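Shown next, in structure tokens, is the structure this report addresses.
Going by the order they are written in, the chains are A, B and C; count residues from 1 in each one.
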Amino acid sequence: MSTATVGDLVSQPYKHGFVTDIETEKIAKGLSEDVVRLISSKKDEPDFLLAFRLRAYRQWLQMDEPNWAALGYPGIDYQNIIYYAAPKQQEKKASLDEVDPKLLETFEKLGIPLSEQKRLSNVAVDAVFDSVSIATTYREKLAEHGVIFCSISEAVKEHPDLIEQYLGTVVPSNDNYFAALNSAVFSDGSFVFIPKGVECPMELSTYFRINSADTGQFERTLIVAEEGASVSYLEGCTAPMFDTNQLHAAVVELVVLDDASIKYSTVQNWYAGDENGVGGIYNFVTKRGQCRGDRSRISWTQVETGSAITWKYPSCVLQGADSVGEFYSVALTNNRQQADTGTKMIHVGPRTRSTIVSKGISAGHSSNSYRGLVQIGPKAVGAKNYSQCDSMLIGDQAAANTYPYIRSQQPDAAVEHEASTCRISADQLFYLQTRGIGFEEAVSMMVSGFCRDVFNQLPMEFAAEADKLLALKLEGSVG
Amino acid sequence: MPAVALPATAEWLAALAGEPLPGRRQEDWRFTDLAALQAVAPQFWGGSDPLAHVVLPAGVTRLAGAEVPTLRDQTLQATGSAAAWTVRLNQGASPHGLALRVSGAAGPLQLQLDAGDGPGLLALQLLLVLEEGASLELLLHHSSRGANATSLVTLAQLARGARLNLGVLAAGDARASLLSHLAISQAPASELKLTTAVGGWGLSRLEPRVCQIEGAAQTRLRALQLVDGQELADTHSQVSFGGPEGELDQLHKVVADGAGRSVFNGAVRVPRQAQQTNAAQLSRSLLLSERARVDTKPELEIVADDVKCAHGATVSRLQQNELFYLQSRGIGADQASKLLLRGYCEEVLRELPAGAAACHPLQLLLPERP
Amino acid sequence: MIRPDAPLLLEIRDLHARVEDQPILKGVNLTLRAGEIHAVMGRNGSGKSTLSKVLAGHPAYTVTAGSVTYRGADLLELDPEQRARIGLFLGFQYPVEIPGVSNLEFLRVATNARRAERGEDELDTFAFEDLVRERLKVVQMDPAFLERSVNEGFSGGEKKRNEILQMALLEPLVAILDETDSGLDIDALRIVADGVSQLAGPDNATLLITHYQRLLDLITPDYVHVMAAGRILRTGGKELALELERTGYDWVDQELANLEATGEREPVEVA
């Protein structure tokens, strides 16, 4: 094999590891009922929300941190985390011109220009910096269509009825340990509401940036698509390089009514720690969507490349008759990263359909697991699932695990699962090289070929980016 | 009728195993309700030792008693079986034992392990040592007609080039339980064919654990499990590769009818030293009733890049197009279903050792329905 | 076409190579000038395919002695992709399948890598598609193959046509075709041979590695070399191939035995 090894290829420096020097308002470390109240009062929240938080906090106290995924990480000291950090600018500004230029600069550096002149013409962006949303573009234009796109804090103030109606109805506050924690302390996140019959006129996206060390990020996202509505939403995530681990425990809830659809895409590139596994984000996220209406549809697409540990299973509860759930995932792990990700497709209603396509790439000493559940309930007559889980191994130190659970209680349903394992063979590399294609490009062609079925699902603007991101992450690892 | 648990039984079994009965909080037992086992009277089975008067074919001899504990522990250790609850229970119950050495091409052997209608726990242990190049065809034929439990631990060591064709044909009783742990270690160039066909038990739990100690061996697993009524059938298989160039070909088939529950957990472990492993696992389940339930959970753990590991799983009812094809040839729907079901089962049953045919496995496992 | 004054393209001098610890090439000498078509024949295991892999830079083979000069420069110090970019082409006996990588994209990236080396502009997707459609005619290939993954699920004949298509796009100066005729039915063989003939010109050279005469019925070589035990045992004109067809390889064994007996270590070139 050539002198450059695929192994060398993976270890490219993290390009988003800078820290923005900005004055930040933080509350003291630690978690207590008072801290929960403090967060709620800082955000000037209505009583129902404080009650929601306090109930979740009390439930959390009763729960144990789960360990069934056998992920290896030292215990998290929940009293050593800052639960609220915000850049010191008092109010969210009405105009972007008033936003601290340092913040705008930060997002610009990350490739997310927010200012009027530079912003993407067809994508509305909500930019979240540490615990708060600092800017949301195109709000007015969206409002003309009746679309609400704002930070969840603003939604609490401006649309409390909608928040009260939907928050916590998909992921109950006691759903799991990290969901309970999030419900108690969530700081910000995005809220999207697409009213009946409206096709959202542009892509919506939220960009999450953790800046402060020792700060947990607990964002909460809620998207509601009423009858016949549709929207495509994308989130992106980065964080600076710190040698301590930071906890990111988000909750995302999707509600889809009759004939509506939500396409939710994630490009996750939190800091993954260094090659020895020091530092990096613990990405423990609960994402779930409910297809409540008939013929409704939820499609999750994720490209997971960052984080020291990723632990998430974006799921679909298919209640409505003929509703459809999809999950397309690329998870790439390198060095000491651990990813345990997959999906749950819960078929409740008749003729519900789901598709799962998962591509795992493991390099270095990393561990990459697909864990999925396809459950066919007794009423899901005519339900269908097809799952495909492929693993690509790079080097002989990385682990690829596949745990596809199937539970069926309905004879008139069909569940099909296929899985395969492959690697980049020396012969394939040589073949491409003899056609003048350089080693790195050859690897990157094969990796993106492996992931094509998933990248095809991403909104066009982001597919090329995901391709590049993967090539970058893989630099230095095939050998 | 669901079995009624006797309060003393759980305690008695726990005392024998030196560990409480496994519960739902343990991942390996999450879907396995032990109610049927707990309905067995807390006493040892009183019949005569079914392993006592076995006539051995040429090439098979009894191992000296003194060798047995060492060989047993070797195999348990190689397959990581010592800690399994089913093995602990078996050990604790002072099982009737049969320990055999096989050299050269031995004649076929069949063991009748009939728990009959007597109550209590029948504990049996079988140890097989296949010498280099030895081959054996062995059929274990379990049966029961009463509220009893059979605990069998089968330990086998296959030396280089040895070939073992092991069949388990177990047709039980709705009041009976079968706990069968099979710990098999394979040296390079050995061949194992393990075919299990299980049906009719209130509870059956099969735990085949195969370890290719240095890889480079061949393992072929074929399984059929049928549940009907309130039955529960569970298979937890585990195949691990301790070296390169091992092969696994695994097919697990399920037929779930009535309010039966089927559980399949198939682990395949390919560590770093097991390059060029070629493993394929396929799980196919037929779900025939609205009240039946199938849980399938393959587990593939791979830490080697130059391997082929494929697995697949399907859960469905009989293929409509196949049914239609038969119907279009004038065969009634019922008859067509039966034909397809028999064909589905035969794919596994025909792989049992040749002696099984005389037991009419299809009739035993798939009695004609009214 | 033999022109003694034609520029030297490839000069192989006393080439020794091994794979793992097994020596395979034991002193190969061969010179290719522009315009020439050479055929290397020999039994399985004679080292023919190893020669082609060593020339293309396969990492599993180690050169232990000798030199290979390509247009005056040392070929052996270049990575495989650099060799391809400067005009050396290997047509594989068993082209590799690469699932997921689109054939069209692969062809475009390869073509542009070669063009960049020649100082030509990169072709965008549209311009490339025009080019590839034109070149498809050389091998009478269905454009549908462009949409598939590289060689994935191609029949033996389709794979070989895809190889010649790549050759047509990359316009090599030295094309080495390793058993391009193996596994082809007579129609596919004719199409492939026809493609190779079309692409052979006064400025490039072709090295056909083959087992059988049947390819040479369709492409007339200027030189035929017989390879055995890692060296070229005899070199002649196209009539040597016919002689081999008639007499088989038995004389090769005889000649090898003689070499061993006389302690002759150097290969002899017999005109």
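Following the convention adopted for this analysis, a contact is a pair of C-beta atoms (placed from the backbone, for glycine too) under 8 Å apart; a residue touches a chain by one contact, two chains touch by 3 or more.
Not measured: the values here are computed from a predicted model.
Asks: Graph of touching chains, which shape: line, ring, star, complete, other?
Replies: Shape = line; chains linked end to end, path left open.
Asks: Any idea which chain sits dead centre by C-alpha averages?
Replies: Most central by this criterion: A.
Asks: Determine the centre-to-centre distance between chain A and chain C, using the mean Cα coordinates as centres, and give it in whole Å.
Replies: It comes to 50 Å between the two C-alpha centres.
Asks: Using Cα averages as centroids, what's the distance between chain B and chain C in whole Å?
Replies: One centre to the other, that is 56 Å.
Asks: Between chain A and chain B, what distance separates the C-alpha centroids? Give it in angstrom.
Replies: Distance between chain centres, rounded to whole Å: 42 Å.
Asks: Touching two or more other chains, which residues of chain C qualify?
Replies: Not one residue in chain C touches at least two other chains.
Asks: Pull out every residue in chain A that's touching 2 or more other chains.
Replies: 425
Asks: How about chain B: which of its residues touch chain A in the complex?
Replies: Checking each residue of chain B against chain A gives 27, 272, 275, 285, 287-317.
Asks: So in the complex, the part of chain A that touches chain B is made up of which residues?
Replies: Residue positions touching the partner: 68, 376, 378, 391, 393-421, 423, 425.
Asks: What does chain A use to touch chain C in their complex?
Replies: Listed in rising order, the residues of chain A that touch chain C are 1-2, 422, 425-428, 430-439, 441-442, 445-446, 448-452.
Asks: Under the touch definition given earlier, write down the residues of chain C that touch chain A in their complex.
Replies: The contact residues of chain C facing chain A are 56-60, 79-81, 83-85, 89-90, 92, 95-96, 98-102, 105-106, 109-110, 113-114, 117, 149, 166, 170.
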